[in-house]
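Multiple structures follow.
Heads up, the next two complexes both have chain A, just with different partners, chain B and then chain C.
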Partner chain A sequence: MSQTADPRYDRINFIILIAPAMLLLVVFLVLPMASVFRASFYPGTTAIGSSGFSLNQYYKFFADSFYLSVLMETVVYAIITSVGCLLLGFPVGYSLARLPPAKRRVRMILIIVPLTLSLVVVVFGWLVLLGRQGLANNILIGLGLTNTPKQLLFNRSAVLVVLVQQFLPFMILSVMNVVLQIDPVLEQASTSLRARRLKTFAKIVIPLAAPGIISGFTLIFVMTASAFVTPRLIGGPRTHMIGGLVYDEVLITFNWPFGAAMSFILLAVGLGILATVSALIVRPLARGLHVR
Partner chain B sequence: MSVDLHDRLLSVIGALVRWLVYAMLLLPAIIVVATSLTPGTTLTFPPPGISLRWYIAAWESSLFMNALGLSLKLAALATVCSLVIGLAATFALDRHAFRGRDLIQSFLLSPLLIPTVVLGLGLIQFFVWIGLNQTFAGLLLGHIVITLPYVVRTLTASMVLFDRNLEQAAMSLRATPTTVIRTITIPLLLPGIISAMVFAFVTSFGNVTLSIFLSYEDKITLPVHVLTYVEQNYDPLVAAVSSIVIFVTVLTIFLADRLSGSKPVI
Partner chain C sequence: MKRRDFLKTSAAVTALPFITAPVVHAQQKRFAGVTLRINGFGGNYDKALMEGVAKPLEEKTGLKVEYIAASGPGEAVKLMSNKGNPHLDLFMIDSNLMPELIAADVLEPITTADVPNVSRILPGYREFGDYGTPFSVASQVPVFNSKTISTPLTAYSDIARPDLKGKVAILGTGISSAPLMLLALAEENGGSVTNMEPAFKILAEAKDNVMATPNSTVAQLQLFSQGEAQAGIFWDGRAHELRTSGVPIQTVVPTKGIYSVFSYVNVVKGGRNREAALAYIQQALSDQGQITLPTAYRYGPTTDVALGDLASQILLNSPERVAMKRKVDWATLMKQRGELMERMNKVLRG
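Moving on, here comes the complex of A and B:
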């Protein structure tokens, strides 16, 4: 349509079409984020009607070994979950991309339903599954591995399993989308040159799929780092993650300035780690492709 | 093709991982539906029998049914708003090449990358300042922000595949721009539009992490109700309610898949 209209009309058209989305995000995303940033520098414990500028909230966080250990633990959870999703999600995403479209369609629904299903329902399902009378315990008893039901919930591994399960579809879809763009001929060429599959993966598929791996990894890292429903329900009261602490400050103790400071520490640490991962691991991987 | 031991081992491992992943992904939902059918009063798997008593209990619980109504209404409104806003923006970006286009596109996708606890705190605080705190409008606006990236991402993908020659052919036959949009552009984009709507609807319907910050008094969405209920009680009623959430999600995706005809929706 652009070729029939004169450029000025065209530009007005463009602005009218893009304006609502930009306005929505500037007002209800950028301004709220800016207000959180501002609130993190309030000296007191309330954000409403506050004024002044101080680094109190940040001091409070970094002076307390409890908060530092929770931050560390959150980062560890996020790294393990992202790596776990990558290890389990890559083979599935790859095989989906190499399936004929008709077969892919059915399996895609099996991926999309868990992806879009409400998080509480998923977490509740795991509560039942790992509960004292749940399937997992019945299997353990049936196999004779234990006589009495074991406490499978409220520990770290349970939290990690549930986090990996809930974010896996994101990795599968990101990997599938990039692998769809890799020409299978490249892999066939590598095979015909008698390269083993593993070598083909390492030299061809993984470097070419790097953008999808990065985007899946980033998304999962961010989502795990700020998770609070899963650690709360599956991990129980002794499992602490930053997301849960922010949630408590916002809705239970109403100390918004401190919640705001923790939010930005979380964002900064997350971005820092992602930048490091991308510079140290992913870039060299992608670069390996250009070496003859 | 030479298939040696290594490759065979690799393909066996690959198949195992795939089975594990599909089982892991589907198990929670299957368990929830299975336990909701129990005639007893405890959550056990497998259930000792089959009965619909907990569905009747859910139906009679005005608390859960009001929340279901609210969630459906919220998801429908958020879907329509975010589709209109997202379709306009994606269309504009698709048809205009200029420097900074990728930047705007990433900006439109950015709500996906903002931790919801942080966005939740931001919105609640901002709404207090502008007087939208604890209003339905606030809840809806929050949901539009988080559904928009799904709409933009899905529509962008479907516009890449769009054959613009068809529009030019119509125009060369002297069709007016409105006719071209109505008879060529929209029908061709329909599968993309449907799948964008599905994503927006189910994302909004199932959301708990943002809703928990924006829900209030009688405007508490179904997932938030389930969450608060699970924290205090542990009975098959919540399994029945969760199953209703599963049915709504699966039905939406299934219907959309049928509606879009031969073209894959997702």
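Moving on, here comes the complex of A and C:
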């Protein structure tokens, strides 16, 4: 018997292979996060030289309707952005997956290029585009839909539009990668069994593409929930997201304990929502596919 | 000696002084081989300081200065959390964060004995005793677009005027000196640093007027330049920048007082070369150094330097104007910044 066939050696090899990555994760992610988590239990308004244990920061957050409303707004933005990206991104991802490789490559470049631009540059571009003298207003005036420039910036809709534009490529790529794995023969078989297109889509394509949809949804949900550049530059004084408040607490008022508490609340709420989505949508979809 | 050897030796002897001269000259310079690290405010601001302060200093002393563009508050946090092992030798920061840094004991005091040009700093401009040397002063003032706003603003509180609905941009909570704007609103309406209530009353009245609270100077600049914002509270130097680019933004001198922040340069405790750091400050306070930022941005100088033709374009340009600058108790103001910013967010969110 060769050494590699022994399960013990397999395990040892596996541990050796993942050890560097695990070490990196522990040193640069787990330990800093543990330290931030610890900071969230300091009683005062600074982490430097602090000691003690208190739930003050969490109490402050949950006792104040302002913070709760911002948390709610953040979650709603994350859901709307993820759903928006899914609705716009699925058809694109699906059609790309069904294209011949050469044609797909060119279109992929077009989708990936915006990701190579700095986010700040993209957001400033939107500021110009949606400004009073920007292209959007010029089109509205040109079409006769309005006589004077409208204020298209500094509201919730503007933030959502920019967030969807920013994260759309992630959904397209996630969906495309999964649809590429779905054998077109399955769809043809469904059609030959006289299933309508909509039924084939609902019963074959969607369940098989569910892993891609969910990974895209998760990625976009997490990125939107922690976004702070877009809401700060595009949103007005009435548009807040938790990421912006965390930034202010950490870098402007130096209240690290409260900033840390807000970060962990956002993390917990995000994980909770994703777990619920997984339990209510993903598993039933996967089960349904296997049973029927 | 053969003829060829003689010629070779002669050529070498002749060339030697030319080859070694720059090296010898550099060695004679006081800080040759020394490089200081200083945080920068970014972009043209750092370029101006490089031209007006760092380059002349390097020519005179051989000292090299490396500007590291970064967020001031972020760098302050790093200095405080790595006390004794600083990543910077000199630290530029505005008045608002000075109390925190002094309390954290990360800055060296500087006296006239250390930097002779400190004696030229105008009276009242050193807000923290021997800590920090102010090299520039910038003011937060009411501004308006004279093309679209027919009745000029005259005070900070005018941001609440009913005719300015949806036209106002004020400093956002992400700007660390935003509490100064609130102090201006408070004091203009009978409040004080310990009674900021009037500021929030004005903010509540101005809520529908405020269309944006940009969290960076550049973002606010863009709003004014593309006509999105037509009135607000902004930096005097940046308003000048808008005017020079053709945007008719007028700066208001509020009759009840002007609210300004000083930009300080500090020697960081535990920095690499104190003598070299002091030489940088001496240069920053020299006539050549002091005229740099007024020339580039029209921000005010902090010494008795003669401004010449620039004077008319600078806000704090005379003893009368300087007298209008309100003294700020930064320690008390900034102690409440967390609550102030939170309250500002709440009031504007409605």
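Keep this in mind: the second predicted complex is superposed on the first by the 269 of 292 C-alpha atoms of A that agree within 3 Å, B and C clash if a C-alpha of one lies under 4 Å from a C-alpha of the other, contacts with A are read in each partner's own complex, and residues count from 1 in each chain.
Keep this in mind: a contact is a pair of C-beta atoms (placed from the backbone, for glycine too) under 8 Å apart; a residue touches a chain by one contact, two chains touch by 3 or more.
Quantities reported herein were computed from a predicted structural model and do not represent experimental measurements.
Novice: So if we stack both complexes on chain A, do chain B and chain C clash, or do they fit?
Specialist: With chain A aligned, chain B runs into chain C, so clash.
Novice: When the two structures are overlaid on chain A, which partner does A:His240 contact: first (chain B), second (chain C), both, or neither?
Specialist: In the superposition, A:His240 contacts chain C only.
Novice: For A:Gly44 in the superposed arrangement: first (chain B), second (chain C), both or neither?
Specialist: So A:Gly44 meets neither chain B nor chain C here.
Novice: With both complexes superposed on chain A, which partner does A:Gln151 reach: first (chain B), second (chain C), both or neither?
Specialist: A:Gln151 sits against chain C, while chain B stays out of touch.
Novice: Thinking of the overlay built on chain A, is A:Leu168 touched by chain B (first), by chain C (second), by both, or by neither?
Specialist: In the superposition, A:Leu168 contacts chain B only.
Novice: State whether A:Leu31 touches chain B only (first), chain C only (second), both chains, or neither.
Specialist: first
Novice: Chain A residues in contact: does chain B have more, or chain C?
Specialist: Tallying touched residues of chain A, the top partner is B.
Novice: What is the contact status of A:Pro211 with respect to chain B (first) and chain C (second): first, second, both, or neither?
Specialist: neither
Novice: Just to be sure I read the superposition right, which of the two partners does A:Phe66 touch: chain B = first, chain C = second, or both, or neither?
Specialist: second
Novice: With the two complexes superposed on chain A, say which partner A:Leu219 touches: chain B (first), chain C (second), both, or neither.
Specialist: first
Novice: Which partner does A:Phe124 reach: the first (chain B), the second (chain C), both, or neither?
Specialist: Both partners, chain B and chain C.
Novice: Looking only at the overlay on chain A, choose which of 183-191, 201-209 or 219-227 in chain C hits chain B.
Specialist: 219-227
Novice: Would you mind listing the overlap between the chain B footprint and the chain C footprint on chain A?
Specialist: Shared contact residues on chain A (touching chain B in one complex, chain C in the other): 48, 124, 127-128, 131, 133-134, 232-233, 247, 250-251.
Novice: Which residues, counting only chain A, touch chain B once they are in their complex?
Specialist: Chain A reaches chain B through residues 1-2, 4, 10, 13-14, 16-18, 20-22, 24-25, 28-29, 31-33, 35-36, 39, 47-48, 87-89, 91-92, 95, 101, 104-105, 107-114, 116-129, 131, 133-135, 138, 165, 168-169, 172, 191-192, 194, 196-198, 218-219, 222-223, 225-226, 228-229, 232-233, 243, 246-247, 250-251, 256, 259-260, 263, 266-267, 270.
Novice: In their complex, what parts of chain C are in touch with chain A?
Specialist: 71, 73-74, 77, 80-81, 100, 104, 166, 172-176, 207, 210-216, 219, 222, 226-228, 337-338, 341-342, 345-346, 348-350
Novice: Write out the stretch or stretches of chain A touching chain C in their complex.
Specialist: Per the stated touch rule, the residues are 45, 48, 66, 69, 124, 127-128, 131-134, 151, 153-154, 232-233, 236-238, 240, 244-245, 247-255, 258.
Novice: Show which residues of chain B lie in contact with chain A when the two form their complex.
Specialist: It comes out as residues 1-2, 4, 6-7, 10-11, 13-14, 17-18, 20-22, 24-32, 35, 42-46, 84-86, 88-89, 91-93, 95-96, 104, 107-108, 110-126, 128-129, 141-142, 144-145, 148, 152, 167, 171, 177, 180, 199, 202-203, 205-209, 212-213, 222-224, 226-227, 230-231, 234, 238-239, 242, 245-246, 249-250, 253-254, 257, 264, 266.
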